[in-house]
């Protein structure tokens, strides 16, 4: 059956009608822009181009979504080292776990529960866009990387030695932004607070990082996490502007120091900021009042002695 | 993230901005061409001359500078970030922004109070005005809230929101930048596009007919109907 | 380089005005009976001395209307400038509010018929025409009419500034006080401050006849014109958000009829006709010293009988019939030839094109301690003893200079005595001739002035030039252009929302 297009058929009818009544000759001298048509095209562009993670390369996908918790041959982070993972469990189980980690745990799968314990109770999150095909592609990538002597996903090597004061100071400068990030990312202070920062504190869009060193269970995890920040807000920003390993080292040093100094987290907004802003606004009111002090108020009322 | 929330994000941050812009352009052009007479703000200064000052001046000057701030960050995000690199400069910028935002808020509240309290001014206030004042109040108040509870917006706006805005400009919306933003930020963004969509139906159109030729036009204006001559 | 333009100009003869407000009512009924215009009086009649409408409009320290000279001696607007326009656009710092005019009202007449039966007579309370609420009337368009409330209103007339305390006392003294009427419409100025101030370019002066209009579609309610016009003759329609002003009834003029206020004037005080003037001199004249303004303004008006001017006018596109009309113009005679009509407040430098014949105040006795005291034993007292002090008239019509007022009044006085010599005979013709000579007035001129001021017919007073609208339309578009395509469509009314 021929496809029925209501739009086309109505237009066809309209054009026939136009010809019949002779409107063609009258209106053709004043062509009206087809704004509605353009609007539809614009709209459809908007809808079609909603970007998802689907079309990305597997390697980049691994880097952005897996590396904050896993290495290949770099040892355990929050999640296990994935070197030769396909030898530990079969493909089917792995795919099922990766696409729905909580499902297997809830189902009481023994291996899955053991993994949960190994990660001190942290359950792998469900990654957007990770379907069976993607999981298979990832497993294939991991197998390929597992046979290499040093995988590109071996993770960041971070020293076990204690950091010195200059590392900590550098980390602090990177955090506040006085030492700009090499790849042009926004400084940590933009969104994060730590206990000892500045007059008005750090940003409050992201979580307080005073105790992040402890939450992330130490240097190695923290460093890996910083290598490819995986939260929904940070990923798109730092995907294009990643931190360098030097920067990561400095930040880890600083955050470790802050955590060990034992400051408290603080989620209250800065009253000082509000009060100073309010003072500025009041100053502004006084300023405009004096600039326009000559402004017309009334002539008749003062003349007849009414109170102005 | 539930799929419903994901769907809402798609709707609000990938589709709605385009809908808003299309409405904005279509209706603005239609109104300018078809209903030129209405293309201005209905001034009520004549009916009430004194409280008018305390609403109009703070609100307009405040909102103009706040908007300039948004536009500069939109156009020059890298420069804003490097300005903010020094904590002192960041605080200076944020304080200025906070002062201007509160200045705007005071003005807007004065506008609304005046509209409510003066019976003469109420007569020339249309339903669309009330809706507009509500939208603007939500916009300015949510802006102040975000600046206060989610600092430092001047930095993260440039880093996370501007790329999303540019993805809209490039007609390939990438909502991952803002999908995880706090509610107040999302409200501020969505309400901004609601204002844009509502813009051509309201008195806001007066922004588009700012007296731009005045500074360079001749002092006197003469119109000739018959023989054309240079005035 | 001379730039000849034509301007429909007006003369109001104040000695003939009886203050009946018929002009105002005619105008109101034709043009300003719409919502938002109730308070507007494109034509109003003020009592002088008095504060006028809006209250004390002549106090430019408050209202900041008109032009002033900057340090370079160039005329600049008092209320705005290219630099200040944006900063002052949100809140116009020189804008009066409705309270300085008055809140328009009507009465609850309905209640007179529909009130339930009761012990008291039903009343019709005043209702605001803005809000519809009951209101107390505090002011009106003629609140100080005929010196009503003169202790407050007349005493605060800004024109009293140049007067000695003694003269001011006289103006207040019982049986010595005096007033005259001052009807006002838009002056359709040559250097209009309203036009110069409009940020949108909505106000304009029509090239062919000089009528100043507001383009209602381009007006964006920025309100600059309201403050810029020193005569406060541009009004803000609070309902449509547009400025409105006297349009000199151009639809009537274009069909050969006099404007409504002119047509209805019972005192026949109004004259209308074309003047040719040199537009290239506007800026130069507007920059003159106060003392030179009247003479310079008058010198811009060109002689329509001069063959060179006639040729130049035709080169500038002024139709032969308009030049002919300018030659018959009563305004040209009164302003340029006879010099008896003077511009109001020319120190505002808008170069108004409505001129006034100043009033003589011939009653000369005063009562003191129960006895009638003759100010003068002559039939006509000296001008210096006028009940309306020359200094007061000089504030109104002479930019502070008494000389042009004195000249005009001497001439008018001489003509009166000359006519008296001819009709009554208690003045000798020789004495009258001597007075005429002193007033620089020939007998022919005296006869002409007499005829034009007392025996004037409709056609003498209103010499309306053909407007040639048919040509104007053909210049704008080919009449064939719309063939087949027009005939139905929509015309939007002045509606918002």
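Details
A, B and C label the chains in the order they appear, each numbered from 1.
As a convention for this text, contacts are C-beta pairs under 8 Å (C-beta built on N, C-alpha and C of every residue); 3 or more make two chains touch, one makes a residue touch a chain.
Given the structure is predicted, the values throughout are model-derived calculations rather than measurements.
Contacts between chains leave no pair untouched here, as each chain touches all the others. Of the two chain pairs examined here, A-B and A-C, it is A-B that is joined by more C-beta pairs in contact. Nearest to the overall CA centre, using the mean of each chain's CA atoms, is chain B.
Taking each chain's centre as the average of its CA atoms, chain B and chain C sit 45 Å apart. The distance from the centre of chain A to the centre of chain B, each centre being the mean of the chain's C-alpha atoms, comes to 26 Å.
Centroid to centroid, with C-alpha atoms defining each point, chain A and chain C lie 70 Å apart.
Of all residues in chain A, those that touch two or more other chains are 292, 295-296, 298. Residue positions of chain B with contacts to 2 or more other chains are 49-50, 53, 57, 61. In chain C, the residues that reach two or more other chains under the touch definition are 91, 95-97, 99. Against chain A, in their complex, chain C makes its touches with residues 51, 54-56, 59, 62-64, 91, 93-97, 99-100, 138-139, 152, 156, 227, 484-485. By the touch criterion given at the top, residues 34-50, 52-53, 56-57, 59-61, 119-120, 122-124, 126, 128, 206, 209-211, 213-217, 219-229, 231 of chain B touch chain C in their complex.
Chain C contributes residues 82, 85-86, 89-92, 95-99, 130-131, 133, 191-192, 195-196, 198-201, 203-208, 216-223, 226, 236, 238-242, 282, 316-317, 468-469, 471-472, 475-476, 492, 494-497 to its touches with chain B in the complex.
Every residue of chain A that touches chain B in the complex is listed here, in rising order: 35-36, 39, 42-43, 45-47, 49-51, 128, 176-178, 180, 184-187, 189-191, 197-205, 231-233, 235-237, 269-270, 273-274, 276-281, 283-285, 288, 292, 295-298.
Put simply, chain A touches chain C in their complex at residues 26, 29-30, 292, 294-296, 298-301, 303-304, 306.
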